[in-house]
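Quick notes on the structure that follows.
By written order: A, B and C. Residues from 1 in each chain.
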Amino acid sequence: MHIPDGYLSPQTCAVLGAAMVPVWGTAARKVKATLKARQAPLLAIGAAFSFTIMMYNIPIPDGTTAHATGGALLAILLGPWAAAIGISIALAIQALFFGDGGILAFGANAFNMAFILPFASYYIYRLLSGRTGLRSGWRAVAAAIAGFVGLNLAALAAAVEFGLQPLLFHTASGVPLYSPYPLALAVPAMALAHVLIAGPAEGIVTGLVIRYLQRVNSGLLRVYPATGAVVAAQATGDGASLKKLAWGLVILVLLSPLGLLAAGTAWGEWSPEDLQQILGFVPPGLARLATTWTHALFPDYTVPGLEGSFWAQALGYIITAMVGLGIIFLIFLAFNRLLARPGKTGADYHGK
Amino acid sequence: MGGKILYDLQDVSYAYEEGRPVLDGISLTIDIGEKVVLLGANGSGKSTLQRILDGLIFPQQGTVRFAGKELTEENLEDEDFFLAFRRRVGFVFQNSEAQLFNPSVREELAFGPLQLGLSAAEVNARVDSLLELFELEDLADRPPHKLSGGERKKVALGAVLASNPEVLILDEPTAGLDPRSQRWLVEMLVKLNQAGKTIITATHDLAIVPVIADRVFVLGEDHRLAGEGSPLEVLADRELLLRVNLIDEAFHEHHHQGYFHLHAH
Amino acid sequence: MANKSLPAWLLAEEYSPVRPGGRKRRPGFAEKTLRDLAHLGQEVLFSEELAGRRGWLQDLDPRCKLLSLLWLMVVAGLARHPLTLIVIYLGVILLAVQSRVPAGPFLKRVWLFVPLFTGIMVLPSLFNWVHQGDPLVVLFRLPAPLRLGPWQVPALLAITRQGLAGAGMLILRVGVAVSLGLLVTLTTRWAVLLRALRVLRVPRIFVLTLTLTYRYIFLLLKLTEEMFVARQSRLVGRMDRRMNYRFLAGSMGNLLARAYFLSEEVYQAMLARGFKGEVRTKEDWRLTLPDYRRAAGIILAGIILLGGDHYLGW
């Protein structure tokens, strides 16, 4: 899933890289609060571990081998924030020194593998493992599922990035400038590869190692979330860092129309008619979906009454981005609620 | 000794990087049931030579024969050849931490016999007898990484012995062990040799050489064979030991005391 | 203490002779991993050796080099006309020659890899069934459009002009981008490149972590290699899948435990040497006139290329 340079437009890379900036900033602060001076060596070890795990060939049930990222494992063991930094660093080293994954595409790769993957895996794991004991067999299964689903979500993100390219970037005569496959093809193709090959590899690695550690070295399973005092520090730190994260996202939303300036075509023109023209053929199902999406949710991605002008499109872009982020926030809030209920330690410290 | 030839190396050279050989034109033979020591300073190529003897890497030049058959990458790609060879040769690595990957000592010892297709009862009997022989009963269910260095070395040796190989290759087996563990290990190797096993040890620990060697091959810092002979011959050849940088001028007085001490068990 | 006698099974045994049986062993995950590790080691040796030579790019200040080559990557990313990409690639070749990067490996690593992976990936997009366009080569014509469930397939199967042009652009662009990345890697030492990242406003803590990571990677790779080699040497029978998975779990768990232990040790060693969580690095690079000239040259070339690309349109 390491996207090389050339498959994504520089604009896409820039937007995804910008999206990672608040994540990295928040992660650095969070990790600093919990790990203090220990952070550098621990993160470096996490990154080196992630890099090394990516070198492993994992036998998968169909008889061939695949590579895992180890991202889900790192997220479960060190927490999603530390994992985000660790994987980012592993990706940076691969891109800069080994030509594995693009240098411009680093932001996109980090977004998929160092943000979506660890956060999705971590919360799925927490949700599934619930209040089961640290050594319960279910936890290993939960970890395997978390790895599998997390990786597939990351692949989905990559597929969407690919799939947007031909829509946004092509010449007047319809020559695609970057990855040529539209969403309708990119998503199923990526899904197939990752559901069958990379996903199982990630799941196998995550589940097996968690089970091994349960038997042999359960101390490592207690590194995150840290108990007592550290949780308190996190809880109090939350307010400030969340605010900054929010600001970062606001800036991002405001900047999002930049893509409009750079791209030849804008999302505003993205009607089923255009799809018909771009895709050559529109699967009826997709056409229905597109109609619902564009007309019912955001008519032509612009605000009603402001159609036509560039500014209208820009505004539409911003509103779309805000709604998207809002949905993501709601999902995270829901997760937080679900997770906060069992152990009330954090809330107690906060109240004090 | 002078029995049947087990290993026959002719003009073996190996280089990880072109132009920088780690082994240069090595020719030697090892007989069945012999105990030999590869002696040399750090970086002289002992470990590389052992990896060649274990068929893990293959020389760029020269030939290696085991029991009359040539050890080549191609031959070892053959399933029957590979399994028969692996079955007969066991390798105890210097870093025993890297060698142990099972969650408990018991499972570590069972790893080899299980692959041989022995029945569960036979595997258990083997593991139990090894635990007893190595005085590891109390540690049977502990994870290997929580053991001390000496215990870990015992488990690594036991894990290799569990599939009863004919040849034992050991890389710096006594490095980092306390005197008691060293002594235990050396005596075990002697006992295994008396039971008919061929023992090939790489070391720079001169004190243990007379006990665990019938014959000594000395590797020089130029990565060539600098000398060979009985332990007494080699250890008495001060000039040779100086030349290959195993001792310095100040060494003189110690080595006699050292090995006679150990010899008198 | 070692008076116990050896158990009977350990004493003597008839060993089956070593001889080929004619059945090939399929290289498994362990062989593949070991091969990958060896390959990685060679790459590192190769690039460290090249980075140590003297040459046009090697002599350029690493910060200037990073920024100017990054700029070229952006230009290559933005280019809309194949001619722009070809000109950039010629420039890349010129830089490589000036920096004494051996042409053989440099060309091979890009043009063996890129067409193979990118080429196969874009292959379907050549056809009008996947990506509509003006037919260039008609392969066959069905009597009527096909309906396959929700999909409708046009009657004509053809390679399109747009598909061909798009595939060519993608392969060219990926090739240029990979070459540029390779130039950075091959002409800059690790340690120097890491410090150069500071100009990209990468926070110190990230750069420090990167530096530490680089050190640890080789340690962990070494440990991994040892574990896999040790496993290979202990293969005395056929492994089933459960045993393979057990080995994988064990080796990764072991790696993790070792890594974690190592990080504690390193942390204590850093404490012992007075580290308080704040990183201070020595930055004593001074830009010289040739540095400015070379970087300005590359950046100017990029701007001209972008202008030309815009003029060519498409």
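Heads up, the rule we're going with is that a contact is a pair of C-beta atoms (placed from the backbone, for glycine too) under 8 Å apart; a residue touches a chain by one contact, two chains touch by 3 or more.
Remember, predicted model here, so these are calculated numbers, not experimental data.
J.: Could you let me know which interface, B-C or A-C, is made of more C-beta pairs in contact?
T.: Pair with more contacting C-beta pairs, A-C versus B-C: A-C.
J.: Taking each chain's centre as the mean of its CA atoms, which one is most distant from chain C?
T.: Computed centres place B farthest from chain C.
J.: Of the chains present, which has its C-alpha mean closest to the combined C-alpha mean?
T.: C
J.: Which integer distance in Å separates the CA centroid of chain A from that of chain B?
T.: 49
J.: Can you compute the centre-to-centre distance for chain A and chain C, using the mean CA position of each chain? Integer Å is fine.
T.: 21
J.: Can you compute the centre-to-centre distance for chain B and chain C, using the mean CA position of each chain? Integer Å is fine.
T.: Going by mean C-alpha positions, chain B sits 38 Å from chain C.
J.: Return the residues of chain B touching two or more other chains; collapse runs of consecutive numbers into ranges.
T.: 103, 145
J.: Would you pick out the residues of chain C that each touch at least 2 other chains?
T.: Residues 250, 253, 257 of chain C each touch two or more of the other chains.
J.: For chain A, give me the residues that contact two or more of the other chains.
T.: Within chain A, residues 212, 216-217 contact more than one other chain.
J.: Can you tell me which positions in chain C touch chain A when the two form their complex?
T.: 28-30, 32-33, 36-37, 40, 43-44, 47, 70, 73-74, 76-78, 80, 109, 118, 122, 124-125, 128-133, 150-154, 161-163, 165-167, 169-170, 173-178, 180-182, 184-185, 190, 193, 203, 205-206, 208-217, 219-221, 224, 241, 244-245, 248-250, 252-253, 255-257, 259-260, 262-264, 266-267, 270-271, 275-277, 279, 314
J.: Residues of chain C touching chain B in their complex?
T.: Per the touch definition, chain C meets chain B at residues 1-2, 4, 6-7, 9-13, 15-25, 45, 223, 226-227, 229-239, 243, 246-247, 250-251, 253-254, 257-258.
J.: Contact residues on chain B for chain C in the complex?
T.: Listed in rising order, the residues are 17, 51, 54, 56, 66-67, 69, 75-91, 93, 95, 97-103, 111-112, 114-117, 126, 129-130, 132-133, 135, 145, 159-161, 163-166, 184, 187-188, 191-192, 195-196.
J.: Can you tell me which positions in chain B touch chain A when the two form their complex?
T.: On the chain B side, the touching residues are 103-104, 143, 145.
J.: Show me the residue ranges of chain A that touch chain B in the complex, using the header's touch definition.
T.: Residue positions touching the partner: 212, 215-217.
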